[in-house]
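Structure below; questions to follow.
Chains: A, B, C, D, E and F, in written order; residue numbering restarts at 1 for each.
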Amino acid sequence: MIDTGKLIEFLYEDAPFGDITSEALIPADLCTSAAIRTKEPCIIAGLEEAAFLFTHLGAVADATVEDGARVGAGSVVMTIAGPARAVLRAERPALNLIGRMSGIATATRAAVDRVHAVNPAASVTPTRKTCPGLRALDKKAAVIGGGEPHRFSLSDMFLIKDNHRAIVGIEEAVRRAKAFSCYHKIEVEAESAEDAVLAARAGADLVLLDNMTPEKVSETVSALVAAGLRDRIVIEVSGRVTAETVAAYAGSGADVISMGALTHTVRNIDVGLDIT
Amino acid sequence: MIDTGKLIEFLYEDAPFGDITSEALIPADLCTSAAIRTKEPCIIAGLEEAAFLFTHLGAVADATVEDGARVGAGSVVMTIAGPARAVLRAERPALNLIGRMSGIATATRAAVDRVHAVNPAASVTPTRKTCPGLRALDKKAAVIGGGEPHRFSLSDMFLIKDNHRAIVGIEEAVRRAKAFSCYHKIEVEAESAEDAVLAARAGADLVLLDNMTPEKVSETVSALVAAGLRDRIVIEVSGRVTAETVAAYAGSGADVISMGALTHTVRNIDVGLDIT
Amino acid sequence: MIDTGKLIEFLYEDAPFGDITSEALIPADLCTSAAIRTKEPCIIAGLEEAAFLFTHLGAVADATVEDGARVGAGSVVMTIAGPARAVLRAERPALNLIGRMSGIATATRAAVDRVHAVNPAASVTPTRKTCPGLRALDKKAAVIGGGEPHRFSLSDMFLIKDNHRAIVGIEEAVRRAKAFSCYHKIEVEAESAEDAVLAARAGADLVLLDNMTPEKVSETVSALVAAGLRDRIVIEVSGRVTAETVAAYAGSGADVISMGALTHTVRNIDVGLDIT
Amino acid sequence: MIDTGKLIEFLYEDAPFGDITSEALIPADLCTSAAIRTKEPCIIAGLEEAAFLFTHLGAVADATVEDGARVGAGSVVMTIAGPARAVLRAERPALNLIGRMSGIATATRAAVDRVHAVNPAASVTPTRKTCPGLRALDKKAAVIGGGEPHRFSLSDMFLIKDNHRAIVGIEEAVRRAKAFSCYHKIEVEAESAEDAVLAARAGADLVLLDNMTPEKVSETVSALVAAGLRDRIVIEVSGRVTAETVAAYAGSGADVISMGALTHTVRNIDVGLDIT
Amino acid sequence: MIDTGKLIEFLYEDAPFGDITSEALIPADLCTSAAIRTKEPCIIAGLEEAAFLFTHLGAVADATVEDGARVGAGSVVMTIAGPARAVLRAERPALNLIGRMSGIATATRAAVDRVHAVNPAASVTPTRKTCPGLRALDKKAAVIGGGEPHRFSLSDMFLIKDNHRAIVGIEEAVRRAKAFSCYHKIEVEAESAEDAVLAARAGADLVLLDNMTPEKVSETVSALVAAGLRDRIVIEVSGRVTAETVAAYAGSGADVISMGALTHTVRNIDVGLDIT
Amino acid sequence: MIDTGKLIEFLYEDAPFGDITSEALIPADLCTSAAIRTKEPCIIAGLEEAAFLFTHLGAVADATVEDGARVGAGSVVMTIAGPARAVLRAERPALNLIGRMSGIATATRAAVDRVHAVNPAASVTPTRKTCPGLRALDKKAAVIGGGEPHRFSLSDMFLIKDNHRAIVGIEEAVRRAKAFSCYHKIEVEAESAEDAVLAARAGADLVLLDNMTPEKVSETVSALVAAGLRDRIVIEVSGRVTAETVAAYAGSGADVISMGALTHTVRNIDVGLDIT
């Protein structure tokens, strides 16, 4: 269930007027087989998309593992057979997709593992700080890595931030959001424990604790417990959470930890294609 | 000279059915002013693209510095005025663009500075390991950071790699490429000094030394000098060059250092929008 | 915040090779002024979109009322001035948009009024039975008419229907949905009061009572009250609710009444353009 | 000969970020079979388009009747087999297409039947009051229902309306249209029998009698007969013709009756998909 | 009333990754003025489209003559002012459009003039042998040159050719076409005078005499006159009519002469842009 | 490796609302077979694109020769089998593509043959004067005909023309281009032998001698030889080179002869489709 139109665009972005090297050097009817291999351990992702690229150009591509598998360095994750020109033309777009998506999946999985070691009930999620044009694929990769997707866009959840609160107060904001739609969750950004209690009491579904220390998060959780509102609200923490600090937040009592870095600072997994 | 169609797509990706929070909370005729501010020192990029997004939705956006400026933390780089709904709807796509492009420009500039400290004549360049769909913007950001663009796609340069050489030898490959087009440069990937000499003698314009140590690069340069071919060819080194190792390569005698990490492993610069 | 690309497509759909009548009969530099007038009372909608069409072709269009206004028959809702060819070319696409969107807004408002007469706290909403390609505009029109938007697509809410329940039971289904995302609401289709209680207990946010009589809905509400779960869940009724039956459902204790007919069986409001 | 690009857009409109319910609940490799069944008697249409949607997502879809067949309530019109996720993702867009197109085909057929009962030589046609973006499919559905397509767009026929006649008189308008193209028919909107005679004498191919009573139409026909021009011109009547009044117009001597309501006020046929 | 989306595509086709020469050599803020000048006499066309290209990139463009004007060699047809980079980037796409469209307009005008010298009532028209993707612009250019547009596509006229007649005879074919739509003209390809008479009698609007000599055309006209059908049908001749032979056909009694060469074998008019 | 999206657009350009003739006359399930045949000798091109069009509509198409083959008049170049409606709908777009691409290939081959008769080492190339929207196909056709592709767009080579030189001198321009990218060739337009020597000395890769007579070209070559720079630079001549004059330029010592006419003044090869 991939966006085939967008994937085809990626192919033409990489060769608007064809692959001149292959056209000059490789006979049109020369066939070859190839393998895509990881160069480092990772959670693999992007195989479905990569396979489409080769297939669209007339080659046959078979994933040898499933998206989401944990694989070691040197693992073959896909085999390909077909016209050499097709294989070489799809190579770079395919590797770019696998590299980025596996990078996101692997980083998400690492964060989830750190969180679960402390609190198996807590979860990890990216934000809307995705690569322009790649929102759906970035989110998909995070889910493959064991994360939640968070809101996909401005259309699928209310998130009442300080800019909105400067216009209307928390209670009125929640009331208006509820009146607008009962089909979409309401999250309120809270700058203090008092805000969080106010939001929960107003009927928000989630509260976002942004840029708080783990200690401050714990205090806010306690305030919600004291007010008898803890069960009514999901607590999200965010704000430059890193691989180093994520465990501390996991122990603070929050339900979800959102990490912009999962998608805004991706380290691509190194994968390569070898002609076999 | 920005791709307006693609930028508009980024807006709709972030709100396929509108911004429900703003629609529920903010009157349509409420106007506001805002500023985009850096949260860390950087080479700023993406301002032209960001300004278009706000403008397209009916706000007025003015960059206060030019793309490529070196700015400190806390610098205002753009001021915006217009309908609050428009400002908030364009906010995230605009920040995602500025964040990524500034991240690439800043990393490129840092690498260029390290290289120039050793060899002012050498240059730095990204590869085709860009984000799918963002090739032009990733390349533009690297150029803003002082890098060269390298080839944009498979259509604008011959790059004869091992996969091609498995089919035809270096000399025949260069001959075929020359016969195909005298308007496009020919680069040959060399695995040894012998390969490099062979490529230069065959008339290649550039030689790519992939995954060699700086010492091995120096030896290859020496071999080209000894063969009287040094002036006829541009020497590119590549292969997981990092911020740490780039200076060593700069001193090896190479002309250009290509770094996939400049675009495949981007750390977004942290920028924020404040309503003023 | 309109999808300009799609609106431009509507213009070219109506004249892929130009407007031959105007080209044959009307000088290119002849200017005119015109007015769009309703032919029946309605809640007007689509003015923002219509204005864009005229503007894109070089005319000036001014809405004289706002989207959502209740207007009588014969009301002028927009005045236009510009090249006669532009006015006539945008005429039909503009009227088609205003006609359909006003039809949806008017029908929604009528349903809302009937519902509020019985239960001012209940609301009305369309479904995903929209016109292919017009999802965002159909939903926007319903909101203009006082309705809620319901889920926009398969991406923004969980709706666990009988087809899903044939695979997993209600409790396990809700558990999996919660594990997938805490950012999206969960609705369960219930075929009986028992189902509804089960869903509420499992933690669903909404329950969908499909094709029940108003009496059966009341019994289900009572069952939820008896189980102490009424406050934890939003109750939606659906299933060929019509203008005639909607009041009965409004009195049944449900919170939201969804009506596919609001968008799948639209009666366009009659509007016309007169050259003035 | 369907517009595959547009149909794919309909799929992504309904799930810009995937179908979260299915992804959370249904294993990727679970296959299923399903049937699309009518819930009321109708002339079925849209099967070719619906089949493409399922096929594009990897399922197999077989229409069990042909577009245009008259089917009763409860008829299976398509069987589908494939991955459950694919079946559920295409379900709503497919049903929306079948529902609307069958609605148009059925209403057209009903009008045609009423007309033919009075005058077997007369025909029925929709106008350009179609749903934006669906012109081709709306017209196709009307043809499936036994109607004529009328002009598809401003590009394929001259229609000289009062707005044009305010600029040039009928005779000069027809002369200019003929000079512009002899490949496209010329229709003149007539407000009186005199206009109709004038138009026919000037060489118009069709005359449009808008908003006349059936009696007034008969008088106009008589005037054309008296002038010896009846055979030279096709007579179209239009203007809020309804199911109730269409038979009266059929007996008035007109050749074609155009009904905007066929496409601007569609009642979707109720069709459902059941997992089998 | 130009297709702006397509024109923007032409700009990006010519610079998918920017104009590297201008970016390397020309400061971003350098402004310039320029003029587009013909290098040979012609009927100018394409100015509206060209002006849009410059405008879209931020320059100001003013046509100094109107599309359709007859201009001599060395005439300035457009002046432009704005950023030098914008002017140079739009230059080639703009000149390609003006060159091709003026080429078509000029050739059409020449053919029309030759025809009118012999028969002022006859007209000239191109066919569907246009450049893929440029149908609307090719037809527009022919109309600017004084031609008729002929059918724009398969959707706007019936043309019953030998391939169709192999399936059904002329009379039945015309009958079916009439039954399908009374809004679209019917043309029948005739291979003999008998065919032409048969077609006219069956009610065809036009008859296409393909690959007949002028003498054979005259005979066919005479046969139609003899049968009393001449006034009921438009006679088109086609089939490799050239500038040399067009006058002979004009004298044969035909009403329209279609020339595929007008659009399938275009000689671009030479136009250039000079920085002033 | 064809741009399938663009090819599909060509199909819909030719039938935005379907092929009314075939729909009226030909049963949907009637199958047929057909052959595409040349009507004059040519170098055939466009077969890959044409085959896709038929295939996309559900027919089977087999090229009986390869793109680039030299074929005589009356040669069958493709056979097709499938639904008659599909065959007739793809017919014209397919023939338009084959006609244009074969026209370009044939003209290029003729020019190459004339050049090689004089100087087997020289080559022929088109320019950027291609049909808007068809750049890639026009270039591909020229390559099929034995030409070089020249630069594809403003993104893949530096070409320093008089407009640039009015801003910076040759030496500085070459220096800036080199500093911008070592991956793209640099060509300098020279108006005199002195310019050419200056460009070669500055390090340009190619020099463009525009609108020089063959004698003047020879003098420039001599000047480069005298300066010891002949081997360092590729010499291109351009400027309304025609089939008549190309041989003279081939003997002048230039390396490449660019001919705008190859793509801006195409004579389509006449090809037809016959139902068999």
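Assume contacts are C-beta pairs under 8 Å (C-beta built on N, C-alpha and C of every residue); 3 or more make two chains touch, one makes a residue touch a chain.
Just so it is clear, the model here is predicted, and its values are computed rather than measured.
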- Note on the structure: Label-sorted list of chains bordering both chain B and chain D is A, C, E, F
- Message: As a test of understanding: of all chains, whose mean C-alpha position lies farthest from that of chain C?
- Response: F
- Item | Classification of the chain B:chain C interface as same or different, half of numbers criterion | different
- dist(centroid_CA(chain C), centroid_CA(chain D)) in Å evaluates to 23
- Between chain A and chain F, tell me the centre distance in angstrom, where each centre is the average of that chain's C-alpha atoms. 44
- Indicate the whole-number Å distance between the mean C-alpha point of chain A and the mean C-alpha point of chain E. 52
- Query: Distance from the CA centroid of chain A to that of chain C, rounded to the nearest Å?
  - Reply: 31
- Item | Per-residue overlap in chain E, given as positions that touch at least 2 other chains | 5, 13, 15-20, 23, 89, 135, 143, 149, 152-153, 155-157, 180-181, 184
- Please give the residue numbers of chain A that touch chain B in the complex, ascending. 6, 9-10, 13-26, 30, 84, 88-89, 92-93, 95-97, 99-100, 103, 128-135, 137, 153-160, 163-164, 166-168, 173, 176-177, 179-181, 184, 240, 264-268, 270, 275
- Query: Hey, which residues of chain D end up touching chain F in the complex?
  - Reply: 1, 3-5, 135-136, 139-140, 143, 149, 152-153, 156
- Residues of chain C that touch chain A when the two form their complex: 123, 125, 143, 148-152, 155-157, 180-185, 187, 205-206, 234, 255-256
- Message: Residue numbers of chain C touching chain E in their complex, please.
- Response: 5, 8, 12, 15-20, 23, 57, 85-86, 89
